[in-house]
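For reference, chains read A, B, C and D in written order, and residue numbers begin at 1 within each chain.
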Amino acid sequence: MTSRKKILLISTGGTFNKTYNPKNGKLEIDKNSDALQMIAKKWLCEFEILNIIGKDSLEITNHDRLELLSTIHQSSHHSIIIVHGTDTMDVTAEYLADAELEKTIVLTGAMVPYSIDSTEASANLASAYGYINALEKEGIFIAMNGVINRYEKVKKNRKEGRFIYK
Amino acid sequence: MTSRKKILLISTGGTFNKTYNPKNGKLEIDKNSDALQMIAKKWLCEFEILNIIGKDSLEITNHDRLELLSTIHQSSHHSIIIVHGTDTMDVTAEYLADAELEKTIVLTGAMVPYSIDSTEASANLASAYGYINALEKEGIFIAMNGVINRYEKVKKNRKEGRFIYK
Amino acid sequence: MTSRKKILLISTGGTFNKTYNPKNGKLEIDKNSDALQMIAKKWLCEFEILNIIGKDSLEITNHDRLELLSTIHQSSHHSIIIVHGTDTMDVTAEYLADAELEKTIVLTGAMVPYSIDSTEASANLASAYGYINALEKEGIFIAMNGVINRYEKVKKNRKEGRFIYK
Amino acid sequence: MTSRKKILLISTGGTFNKTYNPKNGKLEIDKNSDALQMIAKKWLCEFEILNIIGKDSLEITNHDRLELLSTIHQSSHHSIIIVHGTDTMDVTAEYLADAELEKTIVLTGAMVPYSIDSTEASANLASAYGYINALEKEGIFIAMNGVINRYEKVKKNRKEGRFIYK
């Protein structure tokens, strides 16, 4: 049997994981990442999945980023996909780049919760998965809305609500 | 602006593109690939998309494969994603391999129509898209259910209804 | 506590209950009516649900209709909703009318499986449920696509794929 | 051709009509009630639909209720379905009851936006539609989660997130 790349999936929360709570009428982050785990296991592969932080990316602090970095350092995986909120995905990417990790890391997420638009969230996650499977370089990458490259070459266009190449 | 890979998307029909016709109660192949075009343009990129053949893969003949090969030869694109039915995806992959094309081609599709399970179809297409974006080799590849590799290393497990590594 | 009408829900199969089998690529009738039971229990009420016949309505015979009639005769419920395929819904309605039952019976179903278009199937079932809750007459009724009346006043328009008033 | 009841559909906003805005990450009320109009026209009937107020029901004031009452007074329709937020559905129902209208009015809505759970919203609306079609009494009624009766006999159970009989 052909071995496939062992990939660690770290979920930090973000819009991808938001679900509607009918009791208070709010979208809340599912800290268990149930939808993400379902897609990953059913349609991608038997990832090891770690749930940490569990926040909207506007609320992620450098203390949280330190927890993320520590989680990455402790892992033996070389290939890591991080599901992250879109608003500060670039900040976290730069933070990880500064750590000069000898790993391949792809950040992804969703503009709309999986519970509302399953197509966008699935497509982003799967594009990150496909990308990391073929990638033979180290570094920090972003995969959003079909825009996939080193983190410093892409950015979120807030007005249009999507990621674009710089 | 960073240029991204120019990718040609060829849709040959297959389960991915089946939609329900309430007048006769049957699942029929949408020869315009509307759902595929929507996902590709909305969530991946402004592909050039070609609709040819428009068949269930059990009905694809070598005459159809010749049409596919001819379409590939006539294209200036180096990177090509082919949406294909799953039952003879391996036969078409081998047919294309025999032609010794100097191109990078990834075949993908769906076990369940996008109109019934949007997550699986989106994930397969996007994983192929992510893979081809990072790939620096030529050859014929298959991307299905998170199983992505050279075509001769993967196969459909009919009993379990999913692709596996050989 | 206000008592609500006790309603029996009989599922005979039909398009409403069809689900996709990825192993053979066919839509098959779920003889357990899982989707129907989920909607009924989650969004309508704790029905008693009986699964009988389990066929596409084109295949329903008078032998099957006798089984349906016998099930109705054996039930103590006065108000009954029957989920039935659309092609011979009128034939079954007339068959039941000929039996001169002293009950209120509403037939409903779907033009498209719940697994493909949850809105239509849910709307048909719930309209039948709302109708039978307010109804103070006996007889055989049909509720499809917002067209709700005594069975002899409505018919399926096969060309347009929907029910209309005669 | 059999005439069916002419029904006016008034949409006041509420959770039913909330959609996700990816630019600010919030659920916002669609003041055009696009989803409601789609379901109504495609699966129920060619309603006349009026969009007024456009608010979450926690923000509805007696000034808004006066606008609703005025809209009802000005209408020639005898049968009216009102889509309303669930938190103050009972307050609005009582307000309308005090006006001693000689009309049949059914209030409905959704615990979860149609854009997130199409089944619940469709089922509530269609149950109200079925109910009003069979109803031969005047008064103010509520149809939510299969609980359908005069407004004073039902209430929202906030803890369980559903309507129940008193």
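FYI, a residue touches a chain if its C-beta (ideal position, glycine included) is under 8 Å from a C-beta of that chain, and two chains touch if they have at least 3 such contacts.
Bear in mind the structure is a predicted one, so any value in this text is a computation, not a measurement.
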item	value
Greatest separation from chain C - chain, by CA centre	A
Cα superposition angle of chain B on its copy chain C, in degrees to the nearest 5	180
Intercentroid distance (Cα basis), chain D paired with chain A, Å	39
Distance from the mean Cα position of chain D to that of chain B, given in whole angstrom	45
Geometric centre distance via CA averages, chain D-chain C, whole Å	25
Two or more partner chains touched - positions in chain B	none
Arrangement of touching chains [line / ring / star / complete / other]	ring
Interchain contacts (touch definition) - all pairs	A-B, A-D, B-C, C-D
Interface residues, chain A side, partner chain B - complex	1-2, 4, 39, 42-45, 118-120, 122-136, 143, 145-149, 153-154, 165-166
In the complex, chain C residues that touch chain B	15, 20, 22-23, 25, 27, 56, 111-113, 115-117, 158-159, 161
